[in-house]
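The following blocks contain the structures, represented as structure tokens.
Each of the two complexes below includes subunit A, the first together with subunit B, the second together with subunit C.
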Partner chain A sequence: MAEAQSRPEGSKALLWTSVTVVYAAIMLFPIFWMASMMVKPNDAMFARPTQFLFMPTLEHFSYVLEHGFHWYLLTSFLLCTVSTALVVIIGTPAAYAFARFEMRAKDDLFLFILASRMAPPVCLVIPFYLIFAKVGLLDTFLGLTLAYMTFNLSFYIWVLRSFCRDLPVELEEAAALEGWSKPQIFRRVVFPLLRNGIVATAVLCFIFAWNEFLFAFMLGGRAVQTLPVSIPKLITSQGVRWGEMAVVGMTALLPVLAVVFVLQRHIVRGLTLGAVKG
Partner chain B sequence: MSSIAFVSVSKRYGEVNAVSQLDLACASGEMLALLGPSGCGKSTTLKMAAGIEAVSSGEIYFGERPVSHLAPGARNIAMVFEDYALYPRMTVWENVAFPLKVRGITGQPAAQRIGEVLQLLGLRQMAEQDVRGLSGGAQQRVAIGRALVRDPDVILFDEPLSHLDADQKVQLRAEIKRLQKLRQVTSILVTHDQTEAIAMADRVAVMNHGVLQQVGAPQDLYEHPANLFVANFIGEPPMNLMEATLAEGGRVVGAGWSTRLGSARLGTLPAGASVIIAGIRPENIAVRGPDAAGEARGTIVYREPRGDADILTVALDSTGEAAVKLIAEIPGPAPWRTGDRVTLGIDEARLLVFDAVSGRNREVVP
Partner chain C sequence: MAIAGDTITATDALAPLPRERLWYPYLLIAPSMIMLVVVSLVPFLYTIYLSFHAAKFGRVTDFIGFENYAVLLTDPRFWNSIGVAATFVLIAVPVEFMLGLAGALVLNQNVRGRSILVPLLFMPTMMAPIVVGLLWKIMLAGSWGFLSYNVLERFNLLEGTSVFASPEFALYALIFVDIWQWTPFMMLAFFAGLQALPMGPYRAAAVDGANPLQMFFHITLPMMTPLLAVIGLLRFIDAFKVFDTIYILTGGGPGIATETPSILANKMTFEFWNIGEASALAVLVWLAFFAFCNVFYQVAKKRLNAF
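Right, the complex of A and B next:
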């Protein structure tokens, strides 16, 4: 009886597992392919029939290092970290204020903040360019940081405001009755409850900034080059350097994966916030 | 401990008057209930007392001290919330300790007070537990402990029992009342549940649309409601309210029933015929056999047995339009069934006379 029951159960589970494995394999194949290209000699790159066995080479790595791509990686990393940190520092109190306080023209102000994210980036990059050219922020690290901060701030405030709204207001009222000031309540009651939401949203902002191409390309110029901007340099007059492209591409992928893995716990909790109640 | 007084307190949100010209006092050590349907302004009133909401006009006094300009923390009040508002990620002990910690009271004196309060509330065994794992009733007891621990002048209860199961509700109701009397803390209880208000409070203030309707001991409100709203809101099943004519000599005539008011009451009523709304509680209607004497005759259209009582809905015989239906509550189990012909005895001494236009009780001035 038990066996008769478990058999269809078992075969169903097997079916699902195989479907999942096949799906994962399809999804991951390009990444495996790219990984293999990192160490593939150029003459084996597009050989027909495809060569699965080849003598691995490190020449792509040395080319990438010789041409200073590690500096682009550093630029990208600093730019994204600094701009995301600024977004969190400025955006968290702003989101809380939008969620909790009464102020004049609150809805209009909020829409204004959202609007800067709604317009396609292409529309914004030209005004940004003109303004930056005027004030001398073109081709500077600071300028690009400000640009990234601007487009991530609206997203961050928007998302975190809903996290703030989900917090029970009674907790803050109870703390107010104990004699705490608003800043104290924010720091010691609200902030600890918001932590997961902040981490989840900040990770998204970091990834947006990491993947960004257009602003970095237009506003960074030759002085501040991020990883996404540097990749097209590998399309040279002598041909496309596929191996080097694979190396840089994989390098671009790793920090994002690392961030998500390390902060996974917070992100999952952040995305399922509301569990703070009761 | 201190008394609380609201003097001409109003709260406006833009065009909306949440609370209008409220004059209300709560004596030291008293428990006052604010009762009313949702949106009647009772919670707003409580939040103004707490300082969470600002007063639009008027003044609130704690004892002799005007407080409406004070921050919540400066008023020495504690609040118990509908959904407990315990600090998550803290144990029972830490939650109760919190108000003391904020005031810099730690170590042995704090531990002793916290221990006493936990003992009082029967929370000793749970002291080290995380509050998130507790039942609703236990969580609310922790919240009450957090309120009691620092000896506040006033405790404000904002619908403290609304989220609890029926059995926990009854238990905690008695518990709160016991603690409030024991500690003699001035308390205001906001509730929409009349049973709760009547069971727990010394006096009840009924509010509707931001206006105070009547304030008094529960029994006063029940027997002498100031107007139709209070008459209808207090009591279950609700009071029967019928249109009638008050004629010379105290004769009251409605559709399908009539009675005569006792001569003692006539002096307090205006002379001359007038249209009134007559009110009678279901338990003040007697149900007799079809041939007995009485003030009205009719047919039972619905019977709701409640074990100790039967609730009968009786359609009165009438010549005109739709029949008037009266609800009678009689000790159960009674022999009457749906479809039976009955005679109703209306106790004229218990019949209330309301003005048909203003809805005020003509005899009781609130």
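Right, the complex of A and C next:
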């Protein structure tokens, strides 16, 4: 901002940068601590006073693999990929339509989409559970995919619409004057320009599905078990397996770490439902 | 070219055939709208239906009118849950707001290496709530947790039990976790807002000899108000429905000390199988959310020119 102009730039930058770095280090310390627990032997973990140095061990990793947690990882991955793909396929045209065309009751439809996004998941899990139990969708891949539509499809339409509105309408008009049909315009003009927005929004949907706990826990849990749901399984009758929990927790964290670096500016836009353009 | 009653917009050029123009957008939204009706409207209507029926242990029997609502509204446990949620939201959100704004102002100075720092700062917000819960269980676990041993015990704040099992402190511990998780969101949303402010007013103010404090109160704050309102509202709505972290860290306990309406509805359904009353609670929560949602939409649309 303008106020910094006349002062010695270097020292001020150093001050504010170190303030931010120290703040970030304190805030992220719990994550480092959990990461260290992945390779911390149990006796060092429970030591009083806190033990900072220890001989690393791989026992937690081998326990996790022996008990088939890689299958939960695979389930999570497949579920999130399929539900996100479905969202992109049916949501992209809808987002475009909401951004570009006049429709009857458009505002009401739009508010309905927002309400779907905002609805507390706990309120949805009750009817979902009863309906799914009746039609045999409990603990199935399809059931969870459908349940994830509630928050992800509405989110996707809402946010992608704001990306659509950023596109200059003149290009589409020019293409229309060339005599292209609307599907052609969508495929050849809109889609290529919208690709970044689609990827950013879809990746956020993937992460929301990846992080989801309540639906996966209540509507799935046995046959279809995702990674977040598998974490409480490590509270066993012989005690809580903290090291193993740290391994699974860090695994669940990895895609998130990748995403925050790749998406950067788009995250703000996504999380504020397009109200703030990051 | 315009059909009666239609507004003429720039998109008219996209519409060579009036008839095609009528159904084309509806065709585009049809799959999504059908899907949302199935996964969102149908569950909502079904919940309303359930809330007017006697439904225990999964069996829906007689229509009983508003009885479920009457029972719920006279249940002290319901009012307790409202109180818990109100305490949670009214402490957590303002703290997140202030810390977020302060953080955004710092970040808006000439901080170097933002492309690395900003994503790292975002980590807590983007993490799975279950992992957030796990993280703080580890940090605050009874006798050996890093914080519970090195801070809480050393300064005699709490001994012998986990903070999440303490009737007085459990709720505040949850608030602390929420602040840890969501302050980055506020901070980076506000930062994005600061970055989008025009430079002109600051240059003019600098020429007039205004100090940074004056600039903040007379330029930054007024220009940021709509954004602050929208983000604050959004966070307010989200904080009310927080479920996962509470469920994992305390499960609503000890006793009912941290039982929010979300936790209560979940217990009524999956522990007591009292589905009629749980549905009544869900309907009330839902209606409250519609109201909030509408306010958010109107404020964001009118004041921020978003959407």
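The rule is short, and it goes like this: the second predicted complex is superposed on the first by the 248 of 278 C-alpha atoms of A that agree within 3 Å, B and C clash if a C-alpha of one lies under 4 Å from a C-alpha of the other, contacts with A are read in each partner's own complex, and residues count from 1 in each chain.
The rule we apply is simple: contacts are C-beta pairs under 8 Å (C-beta built on N, C-alpha and C of every residue); 3 or more make two chains touch, one makes a residue touch a chain.
Please read these numbers as outputs of a predicted model, since none were measured by experiment.
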* Using the superposition on chain A described above, determine whether A:Glu178 touches subunit B (first), subunit C (second), both, or neither. => first
* In the superposed arrangement, which partner chain does A:Ile126 touch: subunit B (first), subunit C (second), both, or neither? -> second
* Asked: Between subunit B (first) and subunit C (second), which does A:Leu167 come into contact with in this model arrangement: first, second, both, or neither?
  -> neither
* Asked: Given the touch rule stated above, what does A:Leu193 touch, subunit B (first), subunit C (second), both, or neither?
  -> first
* **Partner, of subunit C and subunit B, that touches more residues belonging to subunit A** => C
* Contacts of A:Leu79 with subunit B and subunit C, given as first, second, both or neither -> neither
* Asked: Is A:Val64 in contact with subunit B, with subunit C, with both, or with neither (first, second, both, neither)?
  -> neither
* Asked: Does the superposition put A:Ile157 against subunit B (first), subunit C (second), both, or neither?
  -> second
* To do: Pick one for A:Pro30: touches subunit B only (first), subunit C only (second), both, or neither.
  => second
* **Contact residues common to both interfaces of subunit A (with subunit B and with subunit C)** => 173, 176-177, 276-278
* Asked: Can you name the residues of subunit A that touch subunit B in the complex?
  -> 168, 170-171, 173-174, 176-180, 189, 192-193, 276-278
* Structure fact -> The answer for subunit A against subunit C in the complex is residues 1-5, 9, 12-13, 16-17, 19-21, 23-24, 27-28, 30-31, 33-34, 37, 45-50, 90-91, 93-94, 96-98, 100-103, 109-116, 118-131, 133, 146-147, 149-150, 153-154, 157, 161-162, 169, 172-173, 176-177, 182, 185, 207, 210-214, 218, 228, 231-232, 242, 245-246, 249, 252-253, 256-257, 259-261, 264-265, 267-269, 271-278
* To do: Spell out the residues on subunit B that touch subunit A in their complex, using ranges where they run on.
  => 50-52, 71-75, 77-79, 81-85, 87-89, 98-99, 102-103, 132, 139, 146
* Give every residue of subunit C touching subunit A within the complex, in rising order. => 6-7, 9-11, 13-16, 20-21, 24-26, 28-29, 31-33, 35-36, 38-44, 46-47, 50, 58, 103, 106-113, 115, 117-131, 134-136, 138-139, 141, 143-144, 146, 149-150, 180, 184-185, 188-189, 192-194, 196-197, 199, 202-203, 205-206, 212, 215, 227, 230-231, 234, 237, 240-241, 243-244, 247-248, 262-263, 265-266, 269-270, 275, 278-279, 282-283, 285-286, 289-290, 292-294, 296-297, 300, 304, 306-307
